Structure formats: structure tokens, C-alpha cells
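Scrolling down, you'll hit the structures one after another.
What follows is a pair of complexes built around subunit A, which joins subunit B in one and subunit C in the other.
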Partner chain A sequence: MSLFQITDLAGLHHHLEAAMQLEHATIPPYLTALYSIRPGSNTEAFDIIRAVAVEEMLHLTLVANLLNAVGGTPDLTTAGFVATYPAMLPDGEEDFAVDCQKFSPEAIETFLRIERPADLNHRQQGGKTVTRQKVAGAVTAGHTGAATEEHFFSIGEFYKAIEDGLDRLYADIGDALFSGDPARQIGPEYYYSGGGGLIEVTDMASAKAALDLIAEQGEGVTDTIFDEDGEIAHYYRFQQLVLGRYYQQGDARDAPTGGPVPVDWSAVYPIKTNARLDDFPMGSDLRNAAESFNRTYATFLDRLTRAFRGAPEQFIPAVGDMFHIKELFYRIMRQPIGDASDLHGAPTFEIDRSTEKTA
Partner chain B sequence: MTPDTPHNDLRPGFLALSTALTGFSEHELLGTGQTMIYLQTVCDMARSDCIADMLDAFCACAIGDDKAALDRHLRLCILSHPRHGPLARNLVKLWYTGTWHCLPRDWHESYGGNPADHDHIPSPTSYTEGLLWPAIGANPPGAKPFGYGMWANPPRVFRA
Partner chain C sequence: MTGTDPFTIPPEVAFETRYDVAIIGSGVSGALIAKSLAARGLRVIVVEAGPGEDVTIADYTKSVERFYSAVSKDNNAPYAHSRNAPMPRDYDAVKLHDGQPNDRGYLVQNGPFEIDSTYSRVLGGTTRHWEAKALRMLPDDFRMQSAFGRGRDWPIGYDDLAPDYIRAERELGVSGNVEDQGYGGLTFEDGYVYPMKRMPPSFLDKTMAKDLDGLEVTVGDETFSLNVRSTPQARNGIPNAAYDGGKGFTPTGAVSIHQAEMGERCQGNTNCVPICPVQAKYDARRTLLAAMDTGHVHLLPRTVAARVEIDSTTGRVTGVTCKTYANKDAPGHITGTLNATTYVLAANAVENARLMLASDLHGSSNLMGRNLMDHAYLLTWGLMPQVVGTGRGPLCTSGIEDIRTGAYRSHHAAVRFSIHNDGWGWATGAPYTDLADLVDARNLTGIALRNALIDRVGRQLLLDCMIEVLPEESNRISVDPRHLDQMGNPRPVVSFDIPDYTLETVAFSRRLTRRIYQRLGAEDHSHYTPSAPGWVTHDGEGFTVRGGNHWAGTHIMGTHAKTSVVDATQRSWDHDNLYLAGAGSMPSIGTANTTLTLAALCLRTADAIAHDLAPGTAAPSASTRREGVSA
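What follows is the complex of A and B.
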């Protein structure tokens, strides 16, 4: 994906499309680690990862509301929308790739990088800019331009650039910026069982509120661990798994003093990292199940796209789809691949292959 | 339950016999996540050497894909056998209903199973993963499918 400073409405649309892709790109890795945990074990870790994954879904929907508000058209069905893992994040951090892997110290390490606060750059690297080069395997967007590319150290910086762009365009055209059909906004009644809430975006104030919520939940604001509602930022949630303790109010960064967070890295299905359909023998039950997963996921993304384009009631069956997807995750992760490795299968998220005819 | 439980060596035979007894494929049985939990349950309630003997008796006869021969072998060597029969019938009930039923008193007196054998549900997921639900094309009431209003839809039941 190539991103350039926002100077016009098309640039804003492009950034918001990238943001939707970015929010979604975190979900397969989070769900893969989450469902690799054997049911009944690692309950603290399960709750932590689940809460973050649900909030990424909230962020995806908030960005869709933003895109709709400024006259864009959300589309989760574009070829390439779903990343091929290992993947570089669409906002351009090129110092790490994201894997779909089991719950493990390596997975949490990656999750910390995904959610890292912007100022970690300054604290750890003296504010050095991360240079961007063309990276094989980077997520490519459906729409790209051609000028000087932007690159961001953190998701927070990426959203800051979107906010700056929004400010510039608002200064130019005022409320005309929010030309989208309000009927396409997804309201708070469609989100539950997670922190934060859905915000309908119809003007500058609600747009800023949506962006602020995404930033706060992700990496925290400046150097805070908890936001004003007492919710802990994703980065620090994950850090609890590494440090083995919960944060409590008043704690300093990197030094939680709450109760213990026990972790059993062995109570996990031994799934293959970044599994692909071609890892599973053609015609095997496992291959069929993985292909079925991809078709189900493609149908689900199509349903979300319809929900974002004026049919919000589609969110109700979409939640049913999510639970069905969870069942398919477990079914696949409990199957040995059957090669010499003793590894188990995992959903492959090769959504662009979901329309292939099976042999 | 992790894969390196003490009974891991019994797993292949246990899966093969469970497949023959239930009519569900290995893929479907593994997909329930109950395999090692149930193997542990039968070994705990009936002594693992009884289980090993039953699995040996089942696997001793190489039958291949001959379904009639498999049926005959199961009836003669397992279900009609005084020691294997009650165990095998318990295993069928366990897979289908997710409940372990105490073995008959006679069986325990003859073969010395665990005196603490009792009716119980081996895991919180045993009920929802019972094979009776896909067998009758229904969902376990109150447990699947999740999601508001999803009960109103026709059951989406998985068979490999």
C-alpha cells in the first residue's frame, strides 16, 4: 500500500480505506492466537486477547462510519483486502511482519509491536524515523496513487495523519466534507460485549470522537495506561501477559503491581504458523474444512460490506457468522496435518482463493 | 488436556474404535475437542489396561474398508465380549450424549474398575459437542448457535 499526505477528498478516502484494511489485518492474527488456546486453560490470556480483538472490530466499524460520513464507500470484498500472512501492516511499519500463529511469547511480542505507542519510537530509538522500502509481502490496497510515500512508526501516528488531513479539508470546504448518507451510520445498538461504543459520524466533532476512541483504546493517550473511563490500552493489556501481572490504577509504565496473570504456553493447539491451503492434502477432510472456512469468511465480509452500505440490520446475522467462524476455527485447529511435523491445521485466510473450484 | 498425557499411545486405537462405534469420521471426532478428555475418562473409571486390551482386540483384526466385516468384528469381538462390551457401550453413550455413565456393578466386581466410578459429565464442552446433535440435524438447545436471534434460523449442522 502506498500512502501520501492527504490533500483532497480522494486522499482521505484512500487513507480511510487503508485504515479499514489495517484494522481488519489485526483480527486474523488475534483470533488465531485466541482460539489456539485450549478451552478451559489460560482464561486470563483468553479474556485479554478476546477483548482486544472485539475492540479492533469496533475500530473497523468506526472507520467505516468515518468513510461513509465523508462520502466514501466501504468495501471489504476488494481483492487483496485480506492480508496474506506473514503480512506487513498497511500503514507502513516495515520493521516487523505479522504472523498468524499460536498463542506464544512470539505472538504476544508481535501484538505489542502492532499496538505500540507512538512515543516508544522516541523512547527506544531517539525519535529516528523508520525508513520505508518496498517490502515483498506487504499488504497491497485496491487503490494506490503515486507521489512521496508516507510511512508511520505506529498506528497512532497513522491516525494522526488522518486527523490532520480531516482538519485541512474541513478548513477548505467546511461541513460539506460530511456529505455522506447518515442512514449508513452504524449506531451503538450494534456493538456490545466490549469496551468503548459505536459513534455515528455526522460532523467534525463526532469524527474526532471516533478517531480519539481508536487511538485511546489502541496505544493509550500520550503516556497513560488507563483512559479516562478506566479502560486499559491494548499495548498495556498485552504487556500484562509478558510481565505476568495485571496493571492497576497508579502503576508506572512497564511496572504493573496488580494480581498475577498466570500463563501456560503449553496448553495450546500446536498449529502451523501462517498455514496455507497447500499445506493440507488435496481432498482431505482438513483441506475441505479450510476451504469451507475461507468461503464462510468471504460470505461474512460480503455481509459486513452490505451492513456498511445501508443495511445495518445485517450486523445481527453477521454476529451469528462470527460465532460460526469460531466453531470452524476450533474444528480446524484440532486436526493434525498428518505430515511428519505433528503440527495441526489452522484457518488460512486465503479469501481470494475462496472462489476456486475444489478438485 | 495436553497431547502428552500418559495415554497418548492409546490415542490412535481409541480414535479408530470410536470411529467404528459411532459412525463419525476421525475428522469429526477430533473436531469436537473431546478425544483426549474421553480417553482420560475411560482410563480413569475403568483402568487403562482394560482399555488397552479392548483396543488391542479391536485392532487385531485388519478389516480395511469391508463394512460388513467391520460390523461382524465389532459385534463378535467387542460388543458381545463380557469385559469389552459394557465398556464399548459406555463409549458410544459418552460420545453421543457427553455423559459418562457408571459401569455396571457386575462389571466392576468381575474386572476391578475404579471404585470411585460415577455418572458425570467429563468437560464443560461435552454437552455441546455431543454427537447426537449432528446425528439428528439439530443444535444443542441453549448452547448453539450463538448470537442474538440465531435460534430462529434452520440448524447449521456440520458433517465432514
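What follows is the complex of A and C.
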């Protein structure tokens, strides 16, 4: 457990803002691996990664609901909101680097670390908590102070600290904690997929339900493969790609017995890991497309911000943004950079450079 | 029924098992009946003629990719064609000459009208390629003879079927707004809402509504005010929180025997027909896989029913002889006989009749295969004065329904109109033909080509006129020993003509759509060529009429064995343990796509079968919810 405690509303807001950033930080790596798969190949892997990415978007929205419920103001447009890759995510005593890279065994290994259930971590890490120096380039999740601050073994524990903070503040001020405008809550009509839905947060019970859903689906705090709705947690979902089989109900950890999950690591665009705009020559189509990507992604984040601030109808054009993002992914990844490396381009997610004047 | 994977049961085992119910066909009729009966504990086998492979995301993706890469984007383009269970293709319909039948495709066309309708022999049946419009039939449609002196009355009325419509709308997951359905005498239960909210009207819909709403049209002695109304459809939209007394609705997405998390709301990809890339559209695999989750259902794919065996003393069915093939194209099969207490033919109106006639079962009414119906479609198309966003949204989000019934039906057929978001594709092969024309004939390239395409395609409006066809005994499916498929089964022989009652409305619809194009300020590009299949003339004017894939009426429902084939529960008058399920039972099809109504009928059929075989069991929950994980 963390040494750090959330003791006031500002601290809770900070942690929830960090949680939004953390949830978002998983999306560029997942999308990069997803769209690096050559269309029509690796269909099982495509579906598995896609399902997780969609649920990260659900988690992002659930955290926005939590933040709105306790009177905070979601903002996905602030400078630095989108991590610089490689990004450092909390995991045990050392943060670990998360790359935007192609669909590969290394990518899946990273995804498993992101989603590893807290109890697995704890067993491996001995349950210790440390305080140490902030790593350069780290996303702010688990890092709410300046230089030295609290640290969490896992994303699951980070959420546990938020839950403890909610409990503590609720004991102090009761229902006044949930002072946010209920009209800013995003309801289930705006999201659904195979499992789980959106929860509007208006009180302690719904706040706990939202946190539970995040924990159950991924960044888990328990070791169950399936939740009570029959939905499989992210860690085990990804593990299927390594083990080559689907889990089914009743399976033990590490021993799935369902249908095969064939993987073809070669049916993938050979993209550059953590590509940067400066990797692409000025004026090239690759450079233009990558800049266009960053602008489109900035527009998308701006639309989400407005949706989370009382204009949920903005989710409808945001769907169109996501199609543009996908098209740009493919346009960029199909093209060799043209240097000596034989590598292809990839979106750079340098969103803070999206307002730069282009040549 | 444990110990065997229900999806891969060996045919020998199936033929040795005694089932409560054997169902021929895995389409929407068979799947709904299977699910309903299995939920009540009955042991069911479902037989599918096609390969039966599409039970994983990978399989489904293969179908999507097959469609993307197909040169001919016809209704069956995404689905693997099997020589052992061939499917009709619309391009097989050609102009008939000199009374010579056309036997180039699976259907043998006798004419005189060349019908380009098709169906799919794959897991889930024709719902795999359907568009998913889910309109109810109107009260008048059920009483054509008593109200208008035309056609036939149903043995049941709209009010009898209304509760089953509600169940069917839940099973199929219909998006719609009840407030938009207030026309033609349609009534809904107080406070009823559809499971999901309507598909958002497209920009084209809104543009048309601005000019058309309130347009007055006189038909016979009556004047109708036209309105652009949303079309209910079995496609995932925003769930309505008010559904089911405030319990809401949980949509079913993609289905798979493995985890499946795809299949969310419609994204507007505009290729609903023949395949939705994100599984937002209902297809019968959803219901079938839910049925199989009960553990009481076996699926026997690659199996074509060849003969219904009858005890000549009692008239009861003693078995259905089937042929199971191993390779979809290579000759060779094993033959066996299914044994069950009750048998359901749910192979669609054409195949049900084909199987019965191939078994020499013409019925004591001699009506087996007769009264074949389909909707007659007149397509009209034009260019709107401004770009209207063609190519976004499901194929149709709105239509014009106001003249679906009226006193005029004593004289000519009913009609409704659909506004197409996909441009001229159905009529001209757009946008591919536009691209070829701009490149080949106008020599455009680069930005000029792109702009010309936007201007040409982005302004396209296609307005289809869906026209009623009434049952006539001379329109029929028959079999002929001269026309056999590779397995030796007789192929369906189609004899069809468009009745004058319908042609009158074809001409009326052309006149009305001309007026509509004028009012919209649109250039009317509709034209019809005598050399095309489907050419008809009326009062000196010629049109091309297209089929609607809404095959119906071949085992028509009625009140007496001498004048109909099945009763109001779809039970055969002649064989009391045999049901013929699907649109073939319908005595009229009005101006509603047949699937929702046949789904409602099949839920009644399941109740009737359960009443006999499993008395005392309650009707199962109608929920179509399937968890993401197979048990």
C-alpha cells in the first residue's frame, strides 16, 4: 500500500487528472500495435487488442465521470497531457518504458506489464512501497509532486489510493463530496461493447462501481480471469496471444483451453518505434500526414474535453475523428521513411507540436 | 447432449440421435424456433446446407475481406459459394428470349418476368445479407380480401400478432422511434418504445424533409400528406433507457464461439448489404449461437435436406433424409435420415417449397409452391442540387410511408419509398461505374478526378419504390427432374409475372417520383432499358422492375386444408408433426420487408410446438443477450 494519502479535494482532483492521463497513455501504444497489423491478417490479435483499446477509452470516460462528480474539470488539451514515448509507467520498484511500437512479442510483453494484476505484482515485488526520485519523461500517474513523491507498485494500487481518498473525504464531508453537475455525467447510451458499460457517478456507490469496473477489466487488483459478467480481464486477454489459445470459463491461470489464437508476427508493417516528426523529411507526404495526424488527434482530444464538460453530443463527431485517425495511421504506416533503415513511418503523437507552423 | 462439440457433431451421430425437434435451416426462422425451444429444455438439431463456418471473428473477417476484394459486389459476394449447396446470384438473371428458360444459375427461370432476387445458403441464412429494415405490416395488410376485395385475408389480424411483433423487435434488436410510425392505422401498445433509439436521420433525409414534408398527394379519392419518417431497423443504435418499463435494453454485438467484443453501434459504413464490417446489423447467428449456449442444440452444417419421409397411413413425417458433403465443391456425400418428434422446415419460401415438391408432397390443396410473392422494386435516381453526403450512414435511415394503405388498394397495389444513403449503387453500380466513366470517358486524373467524383457521387439520390405483389397461383416454385444440382437434388424452377395490380402502381410511382424530383430541384436521371431483365410495360410506358429478395407465399397460411398449406401456427394441414416456417406462410406481404413479420410468426410457432412437446414450460425470456464468452 502507498505511504501517500489523499487528504483534501485538491489532492483527489490531482489524482483523478493523473488517472485520466494514465488511462490515455495506454491508448497510443495499443493503437500503434493494432494498426501496424496488416489489414486482413492476425484477425484474432486485432480483435483482442482492439477490445482492450476500446475499454481503455471506457476507463478514460469513467475517470472523467468521477472527476466531474467531485467538482473537477476534465482537460485533455493541457500541454503534456499526451505522454512522450517512450513513456514511463509505474510498475514495482522501477517504472518501465512503454513504447509506441509495432505488433510484436516485445509489444505484447509490455502490454502484459501494463495490465498485470496488482496481486501478481505484489507477490513478485514483496509488497514493498518506495519513495524515490521522479524519472524524466514519466507520465504523472503516480507522480503528483515535484521531484520526490509517492510511488505505486502498480496501476491497481494507484486506483486503490484514489478509493481510499474518496473514503476519507466522504467521511469528512459526506455527500457534499459529490458536488459536480450531474448533467456532465456521460451515460451508457454513449458507449457499449461486448462487456461493461458506462456508469454515471453521482454518489459513493456509483463512484465505487466505476472504480470496480476499471479494476476488473484491466489494471486489475484481483487474479480472476473472468469477471462475474463473463468478461475477461486485459492481462489474460493479452496473454492469449503469447499462449496461442483463448481462455474459457473454468480455465486455470496460464493454461487456456479454448480455441486457437494463431499469430503471424510477420504480417505487420515494419514501423519505426517511437517515431518523431523529425524522422520524416520536411515536405514529404509522410511528414505532412504525420503532422495532419497530430492536428486531427488534437481536435479529437479537444472534442472529448468538450464532451466531458457538458456537451456529450460532441461524441458523435468524435466518431468521425476516430475514422480519420485510423485512415491516417494506415496512410503513415504504409510508407517507408526512405532512410537506410527500411522502416516505415508511424504517428508520432507529438500533440503539443500540432500547432507548429508547417513549412 | 454433452460430450460432443455441438458445432462439429459427426453426421452419423446426428442421424442416430432421436431429437425432439429437427429444424431445416439456420436462418432467422430456424434460429428463433431453436432458441425458444432449447430454452424450454427441448433437444433440437439445426441443419444448414452451407458450410456453417462463420462462428468466429476470423471467419467473419474473411467474409468481409472476400466482399472487399470481390469484383462483383452482389448480395452473396462475401460468402463462399458451394457447388454442393449453390446460391442464386443476381447476375444470373438475364433477359429471357423465345420462351427459353434460363438455367445458367441455381434458379431455373421460366419467366415471363426475370426476377433477380436471391437468398443465401450460409449459417444465419439470408439475414447475412439482408438490409435489416424492420417495419411492421399494417392492419389493412392482414385483411386484403375483406377490406379491398383483393388477395387473401390472414387467419390472424394485426392485433393478434402485435405481442409477437414486440417479442420479435427484442430478439432482432430494433432501433426506431414509435412516434415516427403513426400512419396507415399502425398502433402500438401504450408507452411502447423500440429497444433502441432510431438511427439518426442522414443529412440527405433532412434535406429531403425540408422540401417534401407536407407535400399533398391525391391517390384515387384520398389525399395524403407525405412526411419523411425514420425507418425502424435491426441495427445497433443507442439503447433506449425507457425500454421494457425502464429496464433498458442491452444490445448484442458480434458473435463468436470465442471471445468477441466487436459489434457495436452502426458506424455508417454503408455496406449493410451484403455485410456489416462491424456486426452492428442483426443476423441470425446471434440467435443461433444463443440457442447453442443452452447446450440443447446440435448444428449439422454441410447438409442438404433431400426428402421429407411420410407415413402414408397417418400422414405424419417419419424423418427427413439428408445428404452431408465433406468438401463444399467436390462431388460426394453421405446420406442419412434425421429422426425427431416434430419437424420444422425453415429453409426459406423457395427452398421449403422445393423440398416439399421434391418429396412429391403437393398438399391436399395442391398449393405447395404456388402464390409466390416478392416485392417489386422500381428504382428512381437523380442528382440533388447540392452535395448531400452520399455514402454515409446505413443504406437507408428514412422513408416515405404515408401511402402504404388507402382505399386505392381496391384498384392498385400499395407502395412505400426508401431514401438511399448509398447513392445510385443499386441502379447503376455506382460509385465504381462513376469512377470508370470519369477515368475512361472523361480522361480525368488527380485532383480533377477527385473533385469530379465528389460532385458526381456526393449528390446522388436513389429513391426506391417498394411495391406490393399479391398472391397468384400461377406465380410459383416447381421442380423438374431435368434440372438437378450437383448432389442430384432438384433445383427450384421459378415462374413469375408481375400482375397488373402491381404494374398500375409502378406507373403511379414513376409519376409521383417525377414530382418529388421536381420539388427537390433534382435532376432526374432514371431511365429503363428494354434489353435489361425485369423490363415491363404498362400503358405504353416501360420500366425495369427489380426483385426484393423477399420470397414469400409458397406454403400459404389459411383457415382450411383445401385452400391453404399451413394453419395460423405454420403447422401443415396434411402432416400434423410438420411446420413450414417463414415468409412462405404469409398470405400477403404488404409493403413491409418480410423478416420482422416472419420472426413474429416463428415465435408463435415455437410456442405451439412447445405447447405440444413441453407443456407447462414458460416462454423463455426474450432477451437476445449473449455474453462475450462461450460457456
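Following the convention adopted for this analysis, the second predicted complex is superposed on the first by the 329 of 359 C-alpha atoms of A that agree within 3 Å, B and C clash if a C-alpha of one lies under 4 Å from a C-alpha of the other, contacts with A are read in each partner's own complex, and residues count from 1 in each chain.
We adopt the following convention: a contact is a pair of C-beta atoms (placed from the backbone, for glycine too) under 8 Å apart; a residue touches a chain by one contact, two chains touch by 3 or more.
In this text, all values refer to a predicted model and were calculated from it rather than measured experimentally.
**Q** Should subunit B and subunit C be called a clash or a fit once both complexes are overlaid on subunit A?
**A** In the superposition, subunit B runs into subunit C.
**Q** Just subunit B (first), just subunit C (second), both, or neither: which does A:Phe226 touch?
**A** In the superposition, A:Phe226 touches subunit C alone.
**Q** Tell me which partner A:Gly40 touches in the superposition: subunit B (first), subunit C (second), both or neither.
**A** After superposing on A, A:Gly40 lies in contact with both subunit B and subunit C.
**Q** Quick check on the superposed pair: does A:Val319 touch subunit B, subunit C, both, or neither? Answer first, second, both or neither.
**A** both
**Q** Quick check on the superposed pair: does A:Thr355 touch subunit B, subunit C, both, or neither? Answer first, second, both or neither.
**A** Neither partner.
**Q** Name the contact category of A:Leu286: first (subunit B only), second (subunit C only), both, or neither.
**A** It touches subunit B, and subunit C stays clear.
**Q** Scan A:Ala267 for contacts with subunit B and subunit C and give back first, second, both or neither.
**A** first
**Q** With the two complexes superposed on chain A, say which partner A:Arg331 touches: subunit B (first), subunit C (second), both, or neither.
**A** Touch partner of A:Arg331: subunit B, not subunit C.
**Q** Of subunit B and subunit C, which one touches more residues of subunit A?
**A** Partner with more touched residues of subunit A: C.
**Q** Any idea which of 59-67, 77-85 or 131-139 of subunit B is the one running into subunit C?
**A** Here subunit B runs into subunit C along 131-139, and the other listed stretches stay clear.
**Q** Taking the stated contact definition, name every residue in subunit A that is touched by subunit B in one complex and by subunit C in the other, in rising order.
**A** After superposing on chain A, subunit A residues 40, 316, 319, 323 contact both subunit B and subunit C.
**Q** Tell me, which parts of subunit A touch subunit C in their complex?
**A** 40, 43-44, 46-48, 50-51, 54-55, 187-190, 192-195, 226, 229-232, 237, 246-249, 258-259, 316, 319, 323
**Q** Considering the complex alone, what residue numbers of subunit A touch subunit B?
**A** 38-40, 266-267, 270, 285-286, 288-289, 316-317, 319-320, 322-324, 326-327, 330-331, 334-336
**Q** Flag every residue of subunit B that touches subunit A in the complex, lowest number first.
**A** That would be residues 1-3, 25, 27, 30-33, 123-125, 144-150, 153, 156, 158, 160 of subunit B.
**Q** Considering the complex alone, what residue numbers of subunit C touch subunit A?
**A** 56-58, 61-62, 65, 197, 200, 238-239, 241, 248, 250-251, 253-254, 257-265, 267, 627-631
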